[in-house]
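Each of the two complexes below includes subunit A, the first together with subunit B, the second together with subunit C.
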Partner chain A sequence: MGISDLDALIEKLKNSALPSEEEIKILCGKVREILVEESNVQVVYAPVVVVGDVHGQFYDLLELFKVGGEPPWTNYIFLGDFVDRGYNSVETLLLLLALKIRFPDRIALIRGNHESRQVTQVYGFYEECVRKFGSATVWRLCTEIFDCMSLSAVVEQRVFCVHGGLSPGIESLEDVEAIDRKQEVPHEGPMCDLLWSDPEEVEGWTLSPRGAGYLFGEEAVQHFLRVNHLDFIARAHQLVMEGYKQMFQGRIVTVWSAPNYCYRCGNVASIMELDEHLERNFKVFEAAPESNRPEKGRVKAPDYFL
Partner chain B sequence: MKNSPLEQQRAIQQTNDDAAISKYCAVSKGYYSDPFISLFVNTKEKRQPLINRGTYARVRAVQMLVERFLQSTKPYGKRQIINLGAGFDTLFFRLREKDVICKEDMFVELDFPQVTRMKRRIVRQHSALYSLLTKNTDTNSVQEVQDGLSCDIYKLIGVDLKQIESLSYLLEHICQLSADSPTLVISECVLTYIEPQNADRIIQYFSNSFSFISFILFELTFPTDPFGRQMVKNIEQRGFSLSSLSLYPSLQAQKERFTQFGYSKVDIKSMYTIYEDVLEVEEKRRIERLELLDELEEWRLLLQHYFLLYCLKANALQESEEDKIWNSFCFISKSCEEEYLS
Partner chain C sequence: MTLATHEVCQTPSYCLYSEGKGIQIDGWSIAVTEGPILSSNEVETWQSRLSLKLPTMVFGQNTLSFLWNGERKFYFSAFDGLQTVSHESPSLRVKPAALWEDKQSTFDSPATNYDWTFSTNYGGTWLLEGEETTLSATQSYLDWPLLRREDIPLLFFKELSLFEDELDDQGISSLSVRLRVMSSFFYVLCRFWLRVDNVHFRLCDTRVYHRWKTNVVIREYSEQEATFEQVAKLGIDSRWFTNSDFMQKILPVTKKSAYRYYVK
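Take a look at the complex of A and B:
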């Protein structure tokens, strides 16, 4: 697959046309070569735009690129949860993978808790693959890519980026580096916690009501930042109606990038720009207008209690 | 473009199918037991875990309230339950199976004639349902009436609830309800589809015509915050409007509505509070293991936009007696509801 083929594929994906299974196989092979080489803590340079959960909301991702700038002109870190929930997980994931192959140094893809075999079988990606391709082959190819995705990034050695949060089993960045990540997301342990945990006003560590990971308080955040000489943590994983939320005097920030999440929640989304001084600038955006959503009318509105 | 009244009516009737499918899905996933719902639904549809869990909370909480009402009114003879817009609800059959409805009691189900005729057909087809109509009663006679069914303890009647004169005639003359017997009205996602002045007349009619009356209302709320605006938009896409919602847009407004229409004791809780503070801990521990539900913020938002209101007016009773019934009827919540009321 040459550069012109790739550019054609990216263009095709942006027009929400699906590649063939054969093309996807090649795409996955290529992106796998890149991802397996990456470290568990990717090194990223500023300026960069940090993106939270996208969840298969493909037309909102295109909207996001309008707000943040098209790759490669903007440098991106995506904090995971590319798939599930939205109607277009396949298109969303494949576009991001194609961009990763085309501009490997301008886009970092971090694994979220939905990049998992188990979770995607409950929350839509599996079914979407079977519906769109007639078998689970594409899903299987994609889940193998999930296993290769990095677990975190550090911007200019000062901002730690992760999908969920911290782990009581992780003291330093070296501990993150030491994880053998090339596996299905485990049910417990440091790798699970990085993808599942949430910051909360709690003392110490408590088990998360989500059923995996922990709730961690300000002290855990301050300690981790001190030990690793970091300024703050950027993470995603939790819906924020206002698009982003800063906690613990700005020591941790949640970025949420799926506007009108699940076509149900009515929230705005945001992306976080970090300039060369690592100053934060949040760009808030709404769901793509109806005119830019070709799926309208063909998809079912979310369920309620009636 | 606005739909014609007939199209709106058809869309409202479809909410019955939708609710029945949700209940069927929750039951088949093991959230609660309902041996009857599968007789009403034939679908391969699936529901998300949060809809299954919320459906469990709704069905469980309503049944708890109904059973508390039946328990606390035991000494007062005949009890009357009226299920407005009952659709394919199986409450009557579930209560009958548990033997909490006695042969003196009367259970009335009202809905559009198109819906009651379908329900009648299904009840007649299945002896599991049909046999419960007459179990432990004196006579074995079940008659077909008014697009529905009639027997000693059960009436299924087709009526457009907006026609309040027909409604009162049917209840007073066809069902021969007594004005003084303990009476419970259940309305789950029904009044909100009716224009507010008609919905209000229904609420008033019951408080004016019955001296010992309780009302259970399960509906949506908070239509003006971002989640609520999207909810209204998504639901109205089905082709009808949520007429009463904007006039009573909060828990406080709903509470005042019922107080104003003569119910002396009124309580209202968001479904989130009900789930967190009212439903049995053991049961919740069991159902929370059935399916992965990791999106807790969406869950909280959805449940905060639904409520359960229940109220009582028993002005023939002494105040202390009314208090006693109220105390054994209402949910006691350990957390403070104030924050949700504003």
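Take a look at the complex of A and C:
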């Protein structure tokens, strides 16, 4: 696949045309070669735009590129959760993978908790693949790519970027480096925590009342930043009505990039620009207008429910 | 003149509010309000008023109200629904919790003075006096043959989310209300739906039914519940597990009751 083929494929994807299974196989092979070589802590330089959950809202991703700038003119870090929930996980993921192959140094793809076999079988991506391609082949190819995705990024050695949050099993960035990430997301342990945990107004570390998952407080954040000589943490994973939320005096920020989540929450989304001085500038945006989304908003048809 | 059951009556004259905000029919005004999820500030205010950690999506502006001769008789709202959520921690845990047991002794659990499943039997806020009757699982006051008829004109339809939580991607907890106003009756389904992936299912349904030209409003409540193991034995394709309408047909009824209200 040469550069012109790749550009043509990107154009095709942007017009929401689906590639063939054969093309997807080639695409996955290429992106795999790039991703496996990446470190668990990707080194990224500013200026850069940090993007939170996208969740298959393809037309809103196109809107996001209008707001943040088209790759490669803008440097991006995507914090995972590319798939599930929205109607167009396939288009969303494939476009990001194609861009990754075309501009490997201008776009970092970090794994989210939805980039997993188990989760995608319940929350939409598996079904969408089967519906659009008639079999689970594409889903299987994509889940192998999930296993190769990096777990975090650090911008200019000062901003730690991760999908979920911290882990009590991780003291330093070297501990993140030491994880063998090429596997399905485990149900517990440091790799699981990076993708699942949430900041909360608690002291130190506590367990979620649901029985699995950590909540970490300001102390845990301050400690991690101090040990690793970092300024702050950027993460995603939680819906925020205003598109972003800063906690603990700005030491951790949640970025949410799926506007009108699930086509009915009415929330705005944001992306976070970090300039060369690592100053944060949040760009808030709304869902793509109806005229730009062929699938239309989900207006539920009347039904004779019982 | 009384009509035999499951026969349609003549459509009363009616008037639709603009932008799908409701309908006036046979002395009833049925009004809808809608909005986005609560803002972060509103979440904080509600949390302190309710002493509850809120679900991630609370549709605080969504309401469905029923007025008879201009007087509100019952309505559905997220706030009132959340008020009925228990302040005790349930024994239910997500599936991976078994792998986390060894951490229980090392790490504190936060103040778990709320039900993280947000389970509620909320079936509307009622300003009418009625008497409750316990029903058996197969009993019903509803006119099912009439409700099932799909040849009757549907005059107005609405589905509103009141709250929803993804349980950290371990399932779903949601409270919603659906309405259909037909040429012969109105019918409401207020549903609490809980699925803890690979662990548990729970449905708490409230159905409200009123036939035009009568003075009775019937409210029926049913609770259905089963463990994942019990359901797995039935050999159903797991794709159906996310569909509450389907699961309603197979989950065993554990509780059922009804109210009759007189409005005229």
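Convention: the second predicted complex is superposed on the first by the 292 of 306 C-alpha atoms of A that agree within 3 Å, B and C clash if a C-alpha of one lies under 4 Å from a C-alpha of the other, contacts with A are read in each partner's own complex, and residues count from 1 in each chain.
Here is the rule we use: contacts are C-beta pairs under 8 Å (C-beta built on N, C-alpha and C of every residue); 3 or more make two chains touch, one makes a residue touch a chain.
Because the structure is predicted, anything quoted here is derived from the model rather than measured.
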Which of subunit B and subunit C A:Glu200 touches, first, second, both or neither: second
Subunit B versus subunit C as contact partner of A:Tyr214, first or second or both or neither: second
First (subunit B), second (subunit C), both or neither touched by A:Val122: both
Partner chain in contact with A:Ser257 - subunit B first, subunit C second, else both or neither: neither
Contacts of A:Pro168 with subunit B and subunit C, given as first, second, both or neither: second
Comparing the two partners subunit B and subunit C, which touches a greater set of residues in subunit A: C
First, second, both or neither for A:Pro302, with subunit B first and subunit C second: both
Which superposed partner A:Cys265 touches (first subunit B, second subunit C, both, neither): both
Contacts on subunit A seen with subunit B and repeated with subunit C across the two complexes: 113, 119, 122, 196, 209-212, 238-239, 241, 261, 264-267, 302-306
Of all residues in subunit A, those that touch subunit C in their complex: 113-114, 119, 122-123, 127, 168, 187-188, 196, 198, 200, 202, 205-215, 238-242, 245, 261, 264-267, 300, 302-306
Touching residues on subunit B, where the partner in the complex is subunit A: 15, 18-19, 22, 47-49, 51, 54-55, 58, 189, 218, 220, 225-231, 234-235, 237-238, 288, 291-292, 294-298, 301-302, 306
Touching residues on subunit A, where the partner in the complex is subunit B: 113, 118-119, 122, 196, 209-212, 238-239, 241, 260-268, 301-306
Of all residues in subunit C, those that touch subunit A in their complex: 35-40, 43, 56-57, 89, 93-97, 99-100, 103-104, 107-110, 112, 114, 116, 144, 147-148, 150, 154, 157, 159, 161, 167-170, 178, 180, 189, 197, 239, 242, 245
